[in-house]
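Here come two complexes built around chain A, the first alongside chain B, the second alongside chain C.
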Partner chain A sequence: MFEISLDRVTWLHRVPAGVKLAVLALAGAAVFLVADHRVLGGFVAVALLLPLSARLPVRAVARQSLPAAILIALLAGFHVLTSEPDTAIEVSARLATVILLAVTLTLTTRVSAMVEAIETAARPLRLVGVDPAKVGLTLSLAIRFIPVLFALVSEIREAQKARGLEGSVVAVVMPLLVRTLKMADDLADAIAARGYDAE
Partner chain B sequence: MTVKDMVYAALFAALTAALGLLPMIAVPGLPVPIHAQSLGVMLAGGVLGAKRGGLAMVVFLALVAAGLPLLSGGRGGIGIFLGPTGGFALGYIPGAFVTGWFVEKFWSRLNIVAALVACVIGGIGMVYLLGIPWLAAVAKISFMKAATGSLAFVPGDLVKAVLASLVAVSMKKSYPMIGRR
Partner chain C sequence: MIEFDQVTMRFGELTVLDRISLSIAERRVAVVGANGSGKSTFARLLNGLIAPTDGHVRIDGLDTVKDARAVRRKVGFVFQNPDNQIVYPLVEEDVAFGLKNLKLPKDEIRTRVDAVLARYGMEHLRTRPAHLLSGGQKQMLAISSVLVMEPAYVVFDEPTTLLDLRNKRRVTRAIAEMPQTAVVVSHDLEFLEDFERVLVFEGGGIVCDAPPAVALPFYRDLMASVPDV
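Here is the complex of A and B:
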């Protein structure tokens, strides 16, 4: 299925998702604890070197970080205008580090590996009565049905266009909801019929 | 969690992703075009109720974090939650839950006004309640500045709340979900 991660395997692809997530969490916390500009500069340098070391295509990195980059530039500009250039540097260095590391993680980690990591992370939830296997099944179901729902949306839009209703959101959303709910009912019955025990 | 909870949450997460395919709605006089995707927040709560609606948003955001390009413009990945606007994304969860909670409260006499109250408090109020302090903290700007900056999106969100309320009320007539097992 379509996903953001790159097909090409780099050394970062081989690092387990859990390790990458832990590094991201640690770096994200660390970068908010320091204010020294040299240390922050070091963080940005590492965050830039990582995708370079894995030879990730610059275009892919830029595409995923562009919206955040625009916002960071606006915020930095705002802080400069309110004569707080130190804050401008701090905020943009922190955000740039976190966003670059996160984009690198996303580009080098398959969705299946992330879903497994989420399932593992959900294990402690057993204590409050959440079954991690159910978490995994629910996520897989959603992934499986995304292309189905995408196809459904274009089908309904075509049909409403033929009726001259292409401008109406409600005319698309109503049939979409009804058909999604019918699909959900059938799916739940099918799962129950196979003896899946949810309790 | 029953099988039904899981299936409804999964399919509404997929539906929210599919809403991202709809073209932007340009409303005359509004500064920012409206994106249909965040309609998913109010629809999940308004149609499924609090628990399943909130779960649907948990699933949707988990898939975004896992690296599916489901957000408008083909964006996704864990970075969405770490940037300045991460709070607005996380606000989808209480947003759908609270919308659903109010719709459940008003269910027996649900009309467009009641549904609108639910959508505004949940789908707008809760999302901004998480989004604005988050933006202020991460960007190191004052709470007021962050709130003012977010104001541009309020008119569009109000239009969405009206659309979602219309849909929630019609869905109660044609395919009621709340109060059904």
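Here is the complex of A and C:
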């Protein structure tokens, strides 16, 4: 299940999306520039305290962080086995910081606010021919269609299972591809019908 | 007033509509026909989603090709599958999408979104992710997202096909009560009985253009006469 901007207002919800995105970008860069374990520990602690200070449900934060947490654990194990435990600690701390901050951002920021902030930040890209509105629309569509595509995959897998084709990757991928392309076509029509003008 | 002037639509070698000419001034117009009869193409021509191969489609005098932007402000379009037309993840964000495209001030966007959500009893869903809505709620969201733009005409392409009976009634009531002119493509003949005019499409042409009392029995007979494949 995807939580998208939990419906409550905390101090973190009130921080402008642009500021939160900038903090995420800066913190994400800074955490990769330090190797001191105490500083890295500080980053992780702040990243943990932020969602708690905003009283975000621990379950929601945990649910969104779980896939990344599994990946971090695997990476840490890999580094313990192949290099040094110090490297495992550094990699884990860096990734945990970025993931926790990103989860906090998505749980406290409306997609429309994020899109507006990104469109504003992307304005200078007009100079190289990039349309910021298209960047924003692409982002919102990506977020919107992640659960739709998951549902589509599940529906196709069920249908193929009913036909005894549960082991066939092709039986899932081909209809998924066809329906995704059809969906993209319909979506393009729907966006045009609602007055969107691609520049 | 909607006007089709000798409109032909071809996709490659296939002629989907052949020299259609008609005027529509009624408020409730239904379009029926077998699959592949050209009715969805007819609907898509109405707000310039596709351009005719030959001829002209005009909405209140505006050409759907030359004045495409103005036509799209006048003609809203509700598609069969709401999942393929919801753009933003949250209900209120999606309703606001079209208004943002019109570059309206934020206050007006807020007022109009509030009004349309209240009108269709969706206020409690305003911050709900769209993917968590039921099929009926998604279709009502799609309709709200179009009606919030206050078009003069709304085209519905099989709006009740994917809905259960309760949600079908909800959508048909919303269509019946809206003040705009509605052109509805549908296979649900019961829903079309109160319409003013029914266009029956067959083989790329309109084979019957009459009130429901005449056109619907004609369509039933036509479908009964088609041999099984």
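Keep this in mind: the second predicted complex is superposed on the first by the 124 of 199 C-alpha atoms of A that agree within 3 Å, B and C clash if a C-alpha of one lies under 4 Å from a C-alpha of the other, contacts with A are read in each partner's own complex, and residues count from 1 in each chain.
The rule is short, and it goes like this: a residue touches a chain if its C-beta (ideal position, glycine included) is under 8 Å from a C-beta of that chain, and two chains touch if they have at least 3 such contacts.
None of these values were measured; they are calculated from a predicted model.
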*Look at A:160 in the shared chain and tell me whether it touches chain B only, chain C only, both, or neither; answer first, second, both or neither.*
neither
*asked:* Looking at A:120 after the superposition, I want to know if it touches chain B, chain C, both of them or none. Which is it: first, second, both, neither?
replied: neither
*Scan A:195 for contacts with chain B and chain C and give back first, second, both or neither.*
second
*Would you sort A:10 into first (chain B), second (chain C), both or neither based on which partner it touches?*
neither
_Which partner reaches more residues of chain A (counting touched residues only), chain B or chain C_ = B
*Would you check which partner chain A:148 touches, where first means chain B only, second means chain C only, and both and neither mean what they say?*
both
*Overlapping contact positions on chain A, where the chain C interface meets the chain B interface*: 2, 4-5, 110-111, 137, 141, 143, 148, 183, 187, 191-192, 196
*chain C touches which residues of chain A in the complex?*
1-2, 4-5, 7, 110-112, 137, 140-141, 143-144, 147-148, 151, 183, 186-187, 189-197
*What does chain A use to touch chain B in their complex?*
2-5, 21, 24, 28, 64-65, 67-68, 71-72, 75, 78-79, 87, 90-91, 95, 98-99, 102-103, 105-107, 109-111, 114-115, 118, 130-131, 134, 137-139, 141-143, 145-146, 148-150, 152-154, 157, 169-170, 172-174, 176-178, 180-181, 183-184, 187-188, 191-192, 196, 198-199
*For chain B, which residues are in contact with chain A within the complex?*
1-4, 6-15, 17-19, 21-22, 25, 36, 39, 43, 47, 55, 59-60, 62-63, 65-70, 73, 75-79, 82-85, 138-141, 145, 163, 166-167, 170-171, 174-175, 177
*Okay, in this complex, where on chain C does chain A touch?*
44, 47, 49, 69, 72-73, 76-77, 79, 81, 83-90, 93, 96-98, 101-102, 127, 129-132, 145-146, 149
